[in-house]
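Here the structure is laid out as structure tokens; the discussion comes afterwards.
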Amino acid sequence: MIYITRRERFSAAHRMYREEWTDEKNLKVFGKCSNPNWHGHNYVLYVTVKGEPAENLGFFININTLKRIIKDKVIDKIDHRNLNLEVSFMQGKIATTENLAIAIWDELKPAVEKEGAILHCIKISETENNSIEYYGKEY
Amino acid sequence: MIYITRRERFSAAHRMYREEWTDEKNLKVFGKCSNPNWHGHNYVLYVTVKGEPAENLGFFININTLKRIIKDKVIDKIDHRNLNLEVSFMQGKIATTENLAIAIWDELKPAVEKEGAILHCIKISETENNSIEYYGKEY
Amino acid sequence: MIYITRRERFSAAHRMYREEWTDEKNLKVFGKCSNPNWHGHNYVLYVTVKGEPAENLGFFININTLKRIIKDKVIDKIDHRNLNLEVSFMQGKIATTENLAIAIWDELKPAVEKEGAILHCIKISETENNSIEYYGKEY
Amino acid sequence: MIYITRRERFSAAHRMYREEWTDEKNLKVFGKCSNPNWHGHNYVLYVTVKGEPAENLGFFININTLKRIIKDKVIDKIDHRNLNLEVSFMQGKIATTENLAIAIWDELKPAVEKEGAILHCIKISETENNSIEYYGKEY
Amino acid sequence: MIYITRRERFSAAHRMYREEWTDEKNLKVFGKCSNPNWHGHNYVLYVTVKGEPAENLGFFININTLKRIIKDKVIDKIDHRNLNLEVSFMQGKIATTENLAIAIWDELKPAVEKEGAILHCIKISETENNSIEYYGKEY
Amino acid sequence: MIYITRRERFSAAHRMYREEWTDEKNLKVFGKCSNPNWHGHNYVLYVTVKGEPAENLGFFININTLKRIIKDKVIDKIDHRNLNLEVSFMQGKIATTENLAIAIWDELKPAVEKEGAILHCIKISETENNSIEYYGKEY
């Protein structure tokens, strides 16, 4: 089994909050990340898929196929957007990086599997100091 | 003359646009950076000051003094904020990184000079691929 | 299960040696890392914890809580210190990065568990080329 | 069990293609990576080995031993070379990073085991955006 | 005056040598960089241009214009190519990074000036340890 | 004129203090960097030299020559050492990065000039956030 990781980047605005809470309660729970006027990040996304390389090709998925899937399913929908207001797969969810990783996993899984590969890990770095990994429901 | 550079980071939301233009015109001129729902970045700020080290100290400005000035004058006002709506020194300006570098220069210059140092350069990286430098009006 | 990683940094002096050996023997076994006059590093520490995000929060541990635990239990005791002479949790141990990773694991585990999270991995980079990972006794 | 990772770098030329295919077919399958006049990369290699630290040493393998093994078995044979024409352990294989990772695994495994350590992972970054991991046949 | 820097990357094969010299002489002068079977790099290119921001725009050149110029004039001609055999602006020149920086300067200068900007610096990193800067003939 | 920069690294212990001051006064002036038990860093050194490339070579100094000079004059004397106790060119000086940059300039200048090149800049990063540049007495 070989693991291949593609790194992509997107810039987005977001705010961590629950609509049913007051701004005060949100600020108490989520801190400065709950600023009602938004803030934003350069998110770095690492998508890892695994598979058995075909002997006549030396790979199991063309990196350009993987790149195109990530662009179609994630980057085009999220880059230079507002996570809370504009990103379809984040609707109704608190805009934490944790929830974002799970949503991107769900977004990518069917497309990756259609190519005969297995989705292994979604890693997102929100800043150079904070990052999240998700390996699917079983782990 | 010795040059010392302090690197700091801040995360902010912004939008490039002119109020008197329609969203269409703004999008045409500024592209996706003009998204009305905002987007954001992890900005990296490099502040370079210069001076002659005092012989009995081996430096001309304590790095902690420089750090505190940048925190007080810039980071505390801009981190996890909206550049357009909330940052005092960006009011009435288009929120480009170019204007941000000039505004931060103006914000820091008096405080740096009060410490006997000379402000040399403000560098801001908006993404890993795009960065701006400003050396003051004379350069 | 979600994995969250916090990156922190500390600068410290150290020396790899066994007290009961001569300097010659220490230098033969540990090389230049055994210099009796010490040397030092900018260590980079990555602490990974895991858990199930609470639905009403979107996370299982507040990153600021994790940051505070690492600061209290590790950084405040080790930054700008001598690993061999001053760091309580390294007393009586050879100051290798391997032993440091295990000691930091033991230091952090109870505090992380008190927050309802599971400590998953301690990774320490001693230089850009050398790093250590520890996943607890079972792995 | 402790995991130690050594990072090394090498620069090499390569081309992805099958000899029995025409240039046209190769370009269709492998894209610009199949350029008949070659192209090249700064590859970054991460070798992870694991073991139980000896109590009287604080490590299970001297990092310099690991460094020497990687230099002898890999770097000296591959750095500033052509992967397709000159690298013994890539003969008869398509010069993908996937195949390279497997070949380097096979090259390093006996030498690492002779030192009493277990080879855990070969990771190769071909560019800052694309990387491959291999954990042996069982994973 | 504001300085804006765009970072781009390209992967290429090359060889340092003089045709009129024997392989032996070339290897003696240029070392392993003269390997007749080629080697290659992930080059990182930094293009810095300067100008006075227009007050109604907040910039003097749209970063996307700069990006397009670099793509058209440099990246499309050099990425995944052989510097010696295939790159028009390197014909008849020894394929050092020094000569590459000068050639890219000459390639970009007219196009940058047509946009009303001034080309300030071409920086190329060949590896993480070696880089070249060129500021034009006058410096 | 072409500028070439070589990056090297060294790990060292140090302490900022004046012998004639008490530990208390030293701690007040230099902060935690004055810890009497030492601390240390992974210093990153960037040496920039300039010159006119010879037409028949495509460079003005062989990067390996520059590398060897830096190794002989700096790295071999400073790596895995104590800046205050063991490094000849730091004797009698306060071990700040500012003084270190000036001392390394003085150490390298004659050797660089003997090769027909001009020393342009010594840059040292003490941590990822703090760095120093020195361009000689005239700047």
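The chains carry the letters A, B, C, D, E and F, assigned in the order they are written, with residues numbered from 1 in each.
Methods note: a contact is a pair of C-beta atoms (placed from the backbone, for glycine too) under 8 Å apart; a residue touches a chain by one contact, two chains touch by 3 or more.
Because the structure is predicted, anything quoted here is derived from the model rather than measured.
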Exercise. Can you name the chains that touch subunit B as well as subunit C?
Worked result: A, F
Problem set entry | Chain whose average C-alpha position is farthest from subunit D's own | B
Exercise. How would you label the subunit C and subunit F contact, same or different, if same means the shared numbers make up over half of all numbers there?
Worked result: same
Problem set entry | Chain whose Cα centroid lies at the greatest distance from that of subunit F | A
Exercise. Thinking of A-B, which of E-F, C-F or A-C forms a repeat of its interface, with over half the contact pairs identical?
Worked result: C-F
For this session: Averaging only over C-alpha atoms, locate the centres of subunit D and subunit F and give their separation in whole Å.
Result: 34
For this session: Return the distance between the CA-based centres of subunit B and subunit E, expressed in whole Å.
Result: 29
Exercise. Just curious, how far off is subunit E from subunit C if you go by their C-alpha centres, in Å?
Worked result: 42
Exercise. Which residues of subunit B are in contact with two or more other chains?
Worked result: 128
Seminar exercise, completed: Every touching pair of chains is listed here as A-B, A-C, A-D, B-E, B-F, C-D, C-F, D-E, E-F
Exercise. Within the complex, which stretch of subunit E touches subunit D?
Worked result: 9, 11-14, 32-33, 35, 37-42, 79-82, 85-86, 127-128
Problem set entry | Contact set on subunit C toward subunit A in their complex | 1-8, 48, 53, 56-60, 62-64
Problem set entry | For the subunit B and subunit E complex, residues of the former touching the latter | 16, 18, 29, 31, 93-96, 98-99, 101-102, 128-135, 139
